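Consider the two complexes below, in which chain A is the common component and chain B and chain C are the respective partners.
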Partner chain A sequence: MHKIKKGALYVFLAAVSVWFVLPILWLLLTPFSKEPSLGLSLTAPTLKNFFELSHAATALAAFKNSAIISVSSVLIVVVLSSLASYALSRSNFPGKQLLITLLLIFSSVVTGVAAMVPVYALCQKLGLIDSYLAVVLVFSAGFLPTAIFILKDFIDRVPRAYEEAALVDGSRGIDLYFHIVFPLMGPGLAVVAVLCFVNIWSNFLVPFVLIRSNAKIPISVAIYQFFNEVGLPRIGLISAYSLLYALPVLLVYLWVSKKYGFGFFGGLKG
Partner chain B sequence: MDSSQSFLSKKSIAAFLAPALILIAVFLIFPAFWVLYLGLTDQALTGVKAVMPSFTGLGNFSRAFHDRFFYNALKVSFIFVFGSAWLGQALLGLVLAVLLYEMKSRWRAVVNGAAVLAWIIPEVVVAYLWIAFLDKDFGMLNQMIALIGIDKVNWLYNHPILSIIVFNTWRGTAFSLLLFTSALETIPPSYIESAKVMGAGLWRRFFEVVLPQIRAILLTDLILITLWTFNVFTPFLLTGGGPSFKSEILPIYIWRTSFKYFKLGYGSAVSTTLLLINFAFALLYLLAQRKAKHA
Partner chain C sequence: MSWIVFEKVGKKFGQKWTIPDLSLSIEKGEFFTLLGPSGCGKTTTLRLIAGLEMADQGKISIAGKDVTRLPPPARRIAMVFQNYALYPHMTVFENISYPLRIRKTAKDEIDKRVKESSSRLRIGHLLERMPSQISGGEQQRVAVCRAMVQEPNAFLFDEPLSNLDARLRLEARRFLRKIQKELGITAIYVTHDQAEAMAMSDRVAVMKEGRLAQVGSPEEIYHRPAELFVAGFVGNFPMNFIEGEALAKGGKMFFKSGDFEIILSDRPGIKSGDKITLAIRPEHIEISENGELKGALEDIEELGSEQIVSISISGKTILVRQTRKFSAAPNSKVSLKIPADSLHIFNQEGKRI
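What follows is the complex of A and B.
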């Protein structure tokens, strides 16, 4: 009886694992298939789908657009959140706790979905519709609170001895920050940068709503358009494009799970 | 040395905080309040009403209460949240975490690894993967059920809500799974061992030993994934809300009224509903955290 039960458990776990893996397996195999289809098609591997992709001008421009948007947003978030979290960690002013609570509430209440209408209207008033800047500013504001919380937790645990020593040497304010604090924050900043990059690189809704012209769309919107306009006949092209698009995220996944284990991802998304 | 003041002058503190806070105030907090005002106007996406909207009072709100599409979107959203967040992600995550914990095998890395992968791949890609997976003629799901003699099913067309629920369970179970896995590790092994010695089976060990220990985490998980699932836009990429609005969750309805039918004012009124739902769950979250701290 006990053995039957255990066998059933293994079957259940195997079924769930297969269910999780099958769609992803398709993503890994189809781009290299000679006859790409919506089912799994195993042929001798070929790179023809990727060659075909290299002739698609919109697809290549979208890579550039995604890179511009993600990298600028990550830079803004990293610099501004490290400044703000340092000030929050090493000071005590009236209303500090209230400020942190308000940030926590607003960052979870005002999601991209709930705010797409007023954010669009705001960007329209500011003349920012169809610009990288609109998308970059909206992303940065959206991720800053989370970045500040992560970094503040991190700095709270960094001993103050270094800063005290620098203080004796006469460093103050921005000097102290750039020479002592910023380098100390390295590992925390890396976490924030990775988290922020993965989320912004993957986001669809914000550029979908704010960017109009095809020359400026990032990959997420480009894939959506390909799929809707060209549709299923170009399976090879779309799957190759999707795999290249997912590649940075997959590399982050491999690196993080090797270095920190899967548990690390629990703190990352949302 | 009591140093909390001495590293940074008051001026520096303000200068360090200002850039981040200004950006957050303009692009995150201001929109949340402005949407309340926009909801009171007939603001449009283009045309005269885009430049000079007029004030219409509570017209949009009273209209929403008579709008069958609004009720449909609310209903579909609640089914979607109940099915994919509660029955799907939370329950499946809990079952998997407990089983893997009890078995202590290398399956844990396999299942966790696959779930996390499904969770972090960009949403446009996973949507496309699932369109392929669920395809009527070539999709892997229909090919597999054909092996046991079941006819082809047009999943996205005939079972749109079920499709997006199963999809979103696949997509998001990783969070609950990881959360419960780390919660289980905080239970002293002696508790489980002594329950085993006393002859308690898997079910009794779960209800009498494990569950009381992870109750607070379970509550936190439910609050967070409920909030997030109300705000998921990915089903739009799978079904576009159709066929004939059957899978139109609230976020898709907001997009449709505002950006397809150009009614930003009315879209704002509907957005307010979602903001209120989010606000309620954010408060619940804070209360739960506070309670956990004091307990």
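What follows is the complex of A and C.
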């Protein structure tokens, strides 16, 4: 009985892992396949798909566009959220708790589907349709509340003694912030940066709605163009493009995990 | 003019005055200790000097300058924190040099001073390490070094030895005092450890509930405690306290508590019938054959170099601490001699008479 149970468990777990591993295998194998399809097929590896992709001008420009949009949004979010969360963590004012609760509630609204019509209307009024700025602003606004919320919690746990030591040592104002507070926030900022980068990099809806011209679309939208004349998807191109699309995200994860080990809280020794 | 002066300083947190009214002066070059149980306001006092707390009333001056409203960076003091607060993202060298770098000291001057101080504290070989890569004792030295390089108006120490193990603590105690005396910089030291306070200080301020119970040299505090609280707090072994009353008999003043009776040397301010408390340090009582107090032996605790003998006198247990070897069977008769000048007498308010 016991053995049967155990055997059943193994079968179940094997099925689950196949379920998860298959798409990843597809992503790794199909771009190098001679006859790419939605199934898994092993052929002699070829770079044909990548070669074909290198002729798609829009697809290549999309990398640059994605980079511009993601990096500038992440920079804005990191700088502003670190300042705001530090202030929220270290100061007390009436209504602070309410403000934090509101932040949390609104955190996912701006980039959500429900807000797309008003966001579009707003951008149109501001004359920002079909500009990077529109996308960057929407993303920054959308991710700031979550970022502030995460970072505030992080800074709450950083002992004040470091800042007090720096004050006594003669540091103040912006020096104190950049020499001591900002570096101490490092691991928290890394978490926030990765979270935002991955989400913005993969977001389809916002740039799809706000950007009109092909020259400015990011990868998530560009990938939508790989169909032949009769509307059939060109699997080879899509898979090769998807692999390239996934790489930056993987690299960012690896880099952060190497630098900070995703150990969240450092704290004082002793 | 004293170096650091508190004039009627008050500090409140919320509605509660942690420090109601504190006046204090500390001399230049002095090793001054704030001693007291937790919550007595000693750390708040230190933070008031540092500027990490702002006084709600009164005036604080350092080196003849009114600093009451000045923020910490303008006060030019150096502080060693209980947990050292070494910046975790900076190397030991960067930590030590930070106060100099932030004050725009010339680079060769920084190198020179860091080199000098770090070799003096025997941490010269650690300069390239991160704080997390060195031991607690070394971290403590780095924190002291960061204070030393600054040539500050004063050193502030907030229980800097409490995170070290017992043996390191004894060593650090001597070395801190030595460094302070060599540099001649005023030091204000906060601790709840009376032995530490006694061993290191030129003067000790014993604090209780935000006020000064007594300020004086370690000898004064030990030999002439001004309050019952100070008597109980200072000393390695708890004092013997006996509550009773004064009694005039045959032209002499006696202390009486049940059958316990002892003659008091002439002290003005005691009237027959006054309720008083007698305090005697265990190390000042002698077991002697011709002693005037008779009791029965309860127990002997051997502590190696010394022993604690507990003796029952008319139902009260008196502790005697002595280095002389003494042994006797339990319940055997013992007589004690108490020198009249080691009797401390306190009135009902706990003040010394």
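Everything below uses one rule, namely that the second predicted complex is superposed on the first by the 236 of 270 C-alpha atoms of A that agree within 3 Å, B and C clash if a C-alpha of one lies under 4 Å from a C-alpha of the other, contacts with A are read in each partner's own complex, and residues count from 1 in each chain.
The rule is simple: a residue touches a chain if its C-beta (ideal position, glycine included) is under 8 Å from a C-beta of that chain, and two chains touch if they have at least 3 such contacts.
Because the structure is predicted, anything quoted here is derived from the model rather than measured.
Once the two complexes are overlaid on the shared chain, A:192 sits clear of chain B and of chain C alike. In the overlay built on the shared chain, the residue A:205 is in contact with chain B alone; chain C does not reach it.
Which of chain B and chain C touches more residues of chain A: that partner is B.
By the touch criterion stated above, A:164 is placed in contact with chain B and with chain C alike.
Contact with chain B, but none with chain C, is seen for A:13 once the two complexes are overlaid on the shared chain. By the document's definition of touching, of the two partners only chain B reaches A:223; chain C does not. Once chain A of one complex is fitted onto chain A of the other, the partner contacts of A:110 are limited to chain B, with no touch recorded for chain C. After overlaying the two complexes on the shared chain, residue contacts for A:39 are found with chain B alone; chain C is out of touch.
The contact surfaces that chain B and chain C form on chain A in the two complexes overlap at residues 164, 167, 172, 266, 269-270.
Taken in their complex, chain A has these residues touching chain B: 9, 12-13, 16-17, 19-24, 26-27, 30, 37-40, 76, 80-81, 83-84, 86-88, 90-93, 101, 103-122, 124, 137-138, 140-142, 144-145, 148, 160, 163-164, 167, 172-174, 176-177, 198, 201-205, 209, 219-220, 223-224, 227, 235, 238-239, 242, 245-246, 249-250, 252-253, 257, 262-263, 265-266, 269-270. Chain A meets chain C in the complex at residues 159, 161-162, 164-172, 175, 179-180, 183-184, 186, 266, 268-270. Per the touch definition, chain B reaches chain A in the complex via residues 1, 3-10, 12-13, 15-17, 19-21, 23-24, 26-32, 34-35, 38, 43, 50, 92, 96, 99-100, 103, 107, 109-126, 128-133, 135, 137-140, 143, 170, 174-175, 178-179, 181-182, 224, 227-228, 231-234, 237, 251, 254-255, 258-259, 264, 267-268, 271, 274-275, 278-279, 281-283, 285-286.
Against chain A, the residues of chain C that register as touching in their complex are 50-52, 71-73, 75-79, 81, 83-85, 87-89, 98-99, 102-103, 131-132, 136, 139, 146, 150, 156, 163.
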